[in-house]
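Look at the two complexes coming up: subunit A is in both, with subunit B in one and subunit C in the other.
Let's look at the complex of A and B:
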């Protein structure tokens, strides 16, 4: 088994897939990325999953299945993220294994990545054991290099994304920034595995995007996105919600990114939890799995940062997010911030989705107008 | 001088509404027809019919603005050349506020979706729309009326005659139906069943959409289902006060978007994009195909007018939609963006 040439396949996470790809390439493996979520992968995933399973599971199963189908002569290691706790996320990898075995695939194994869990004297050895199972035996400096390069690529991608969504509502020719961005992402993907080179490309591309004619303004309505990580972070799962909002003339910000998600889960877990408890006090004081707690925290933080509205993107039937949704109704009332909950699954029609987004944007615009009107009036009364 | 009117088209899932409004924002002619699977043909026949009626009333007319809304708004907008393509929530709210200026809560139940819109000080502050379930919308009532064997128009009268409304599970259409069958077999009268159905529909609507929200008067109830007096009564029982059904209850979406289109044209000062009534004579075709340019496999929709493609949509990368007359579209989009910027200032 160990003599077989191993190919890795990793869940796509929006535009950051290039980073995961380079991670395994530096370790000397072949990588085949699954295709982005499309009708075919969803069909495969849905028809082979239990009906009430989470939508991200169905998506990933479909993607992995397509990879296995297309490359029958390779041996795959499928990388799956895993978490402990009350949510079904913890069952993903055994379920992949069982379902794909039942479908008759033999050329794969599932490896999973976990964070470091307390108590530390058990958690750290467990983490390294998993890591070695994931990457195989390598010189430590190569693993470190792979981490650093992948980290930089993720960082660069996210910087470009932020710039893109900042510029779309401000650009003079609609769609021009996106074209530069697409090329930039390709360049980052094929960048040589050196930090210097990635930095250089990033700076060049940011500069290029900045030079694209646009009107800088800070009076746009602001919308924050919260919700389940995988739906939120991968543009092909959430029907490009960020881009759609940006083209509607909204300053959009996503609360979960690969960098802060990994940092909060793996490295800064303790301080992150303490912060979350403090912000969520009175709403949700305990871990409910997935990103439910984060959704509530980020909604409150968005309000405090002066955002006009929050959209919660959740896979249909996701337990933590459904719980969070009910609590968000209360948060929305107490903090006076509109929250729109959108559930995604294989039945989601784009038409209804766009209608809700448009109406939401119209609504926050009219709320803004009322607010500025009231401010003006109160100003007048103060003067008198 | 020919009469100046604005045209509003609301292409819903079940019905299509075509209306004309005059300079005082009053509806001078309104048409309410079933969409029947082919929206383009329905729009065209509706336009011809409405045009004939209005010209016989006022003689020559001049269309100064066109707006489209409803689930088929994109398609309708491209076919007729709309000045504004607006989502139905904004359009409905605009018309309701125009009709009842101090409205606070709007119930809207259409063919396949139901929404609740909250208004404070004449602006939308919150809304909810049914997400994954169509229980209690027009289509469901249609179907049940057919099943019991009564006319949908008489549905309301039946429930008013009821003496003891039975309790029907309204959470899901399928269960509601089996519950109804069960109650029928137990010997309940059609009147009681219809009344029970209306009540369960309202209960379900308020549970799903208005959960945890504050319901303040005045209430306005519009959309196709508001024709049904039984549902109106059930709503009044549930909220405990009067529920206003505006006089153009079925045409509110089209009315709202027609007024919005007029405003849009006034703000921009441009001539309308309306292609004229000659569009009804042109041949329109639609086509769906899967783009195989990349792994996204987008479902791309193409609208063909007299053999010439006039619109693409559904592609994520813009490969198709940018292809046609990209210059014109680009200019339009640039203009639109600067309009938005101007209108906000």
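Let's look at the complex of A and C:
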């Protein structure tokens, strides 16, 4: 038995980091969250990882390395969510281990959480072994309680986020909703570990945001976001693309959230796959890992839901997303929906990025004008 | 029917099988020309910008074949998996879909089937049956043709194991049995090439590394010449197996050659923006650091200049020679001679 006190560190997932934090706090561990992606973490990660590795890997390596550097007297368990599939996502943890060991760090171990994969007689015991390694020995009801609380916190954060991006283009005083939202996130983070308390805070904060003076309208241009999960879900990786679009006066919707991502992958996996195959027929009806198929499916679904444009956010050189990008050009032509592919890497400059977004939004707005104009004209001709 | 086979990607692994299958069914095969500048330009202009160069080259080959009037169908197989629980790169698994969306007008001229070449002959037969049905051949004919194809593939594997490169296999496809018997001459130095077969053997894109090395009288071994049994124990070093059969072969084969006393150095070749090779290159780097054998990474793209590559290979060979105590290449015939195997420059 080692008597070292274990500290956990978990990848950030946008605003939902509070949920992961409280999961391990309920189990009785210390948690140190990595800082949000910034120039220093990116620099650290890029200089130590392979050149063409995915950008999320570089981000996470940099974040973890900063955590280890700042706390040399603690012993860390680094949690890495993984899958087993054709995408590189499944090989993160061995590389973390090897690279950080090579750099001379000794005060850590990597715990990877992965699904059950075949052969089953090996996969199921391996899964439970990993789960125990992740949580340590605890009474099952404590683990379940931690799961429930974390789940509720994720849900609450996402509800608040949805409300925020709905209200920003409609608010009267620019920036006022965001200030309420920041306080709300802090309250959720420090909420007592009870479902009732979280519910109460959520209702109060939503009410507060609703009371903020705004004009309800539904003629705003609509943009959907598709792409790779980690880039999409963490605001610090995608340069706050959602907020930027919202401030440009666009109704923005993100296709992947922590809740629906986990539901589709774990609980509703079968029906989700069947639905995806049906929608993607003729474009990409073969499993290629990552979120490539989801990107194509969601683009088609956005079109059917009446959206005006889709932005695909992907890390540079992402294997499934580049394949999806090529197929999306055909989808965009067939379904008549503009698709902008944005590749994020360590050199993404903010100014150029904003210019591209603005150009895209302008294009969508003018397309809408042309459409309404045409509709009016056709209306007139019918009258005649 | 005349079937076009693009000379790229899995051509460099399964060509013997396809050759055996299609020719015993009585179809004519049309190979695209070896990669050249024109094909690369075709590929670059028909694909998205941040896909890897190997797939771009594949686009070029397919376009070249589609433009030819005497080719009826172009064969673009979807190689999904080559070993149990091992898959191919997502881009390769989506290859027919990519081709269909890149060449919309000719989408019905693309002949495709999903191959699981992992567990013996059964999955291969089902895939070939699908192809045969599209071509309109009878089931009996297809069955015997598949057997011929698999026989060819086995012979090709045998000749690879006996030390011949895949380029030799393609050249001598009609008479593989004599190729197997032909001995491979042993050189003083041996360099191992680690990488995907389509990067190692595509002589234009990689700047003809193989013949450049042969010019220096260096023997060549490649990772696809190894039987997976000899390197499977390296999965312990790698903690978790990679999910791609070819990447596993490159990584573990590279490690095997790093440990092997017969090999002087390892050159790993990969294409620009290939995500998978970035993983095994790091692993090879870390492993060579432990063992102390030179490893060089060469990343090729559509703009590879010849001079830079030649300099790097010369420098690598110099390094190998100095390690063996033979002095530099440039001083081989030099008047000042060497002292204890190490060249002493006299001013």
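Just a few scattered comments:
As a convention for this text, the second predicted complex is superposed on the first by the 371 of 384 C-alpha atoms of A that agree within 3 Å, B and C clash if a C-alpha of one lies under 4 Å from a C-alpha of the other, contacts with A are read in each partner's own complex, and residues count from 1 in each chain.
What we mean here is this: contacts are C-beta pairs under 8 Å (C-beta built on N, C-alpha and C of every residue); 3 or more make two chains touch, one makes a residue touch a chain.
Fair warning: this is a prediction, and the values are worked out from it, not measured in the lab.
In the superposition on chain A, A:54 makes contact with subunit C only, not with subunit B.
When the two structures are aligned on the shared chain, A:329 is found in touch with subunit B and with subunit C.
Contact with subunit B, but none with subunit C, is seen for A:350 once the two complexes are overlaid on the shared chain.
After overlaying the two complexes on the shared chain, residue contacts for A:320 are found with subunit C alone; subunit B is out of touch. Of the two partner chains, subunit B is the only one touched by A:338; subunit C is not. In the superposed pair of complexes, A:363 makes contact with subunit B only, with no contact to subunit C. Of the two partner chains placed around the shared chain by superposition, neither subunit B nor subunit C is touched by A:260.
When the two structures are aligned on the shared chain, A:290 is found in touch with subunit C, with no touch to subunit B.
Contacts of A:87 after superposition: subunit C is touched, whereas subunit B is not reached.
Shared interface residues of subunit A (contacting subunit B in one complex, subunit C in the other): 316, 326, 329-330, 343. Against subunit C, the residues of subunit A that register as touching in their complex are 49-54, 84-88, 90-91, 93-95, 97-99, 102, 117-119, 283-290, 292, 316-320, 322-323, 325-327, 329-330, 343. Listed in rising order, the residues of subunit B touching subunit A in the complex are 71, 86-90, 113, 120-121, 123-127, 129, 131-132, 211-213, 290, 295-299, 314, 316-318, 322, 330, 333-334, 337, 340-341, 344. Note for the complex: subunit A touches subunit B at residues 35-36, 38-40, 172-175, 178, 182, 215, 217, 219, 236, 240, 249, 316, 326, 329-330, 333, 338, 342-343, 347, 350-352, 354-356, 358-360, 362-363, 365-367, 369-370. By the touch criterion stated above, subunit C contacts subunit A in their complex at residues 47-48, 50-51, 78, 80, 85, 87-91, 93-94, 97-98, 101-102, 104, 114, 238-240, 242-244, 272-279, 281-283, 286, 289.
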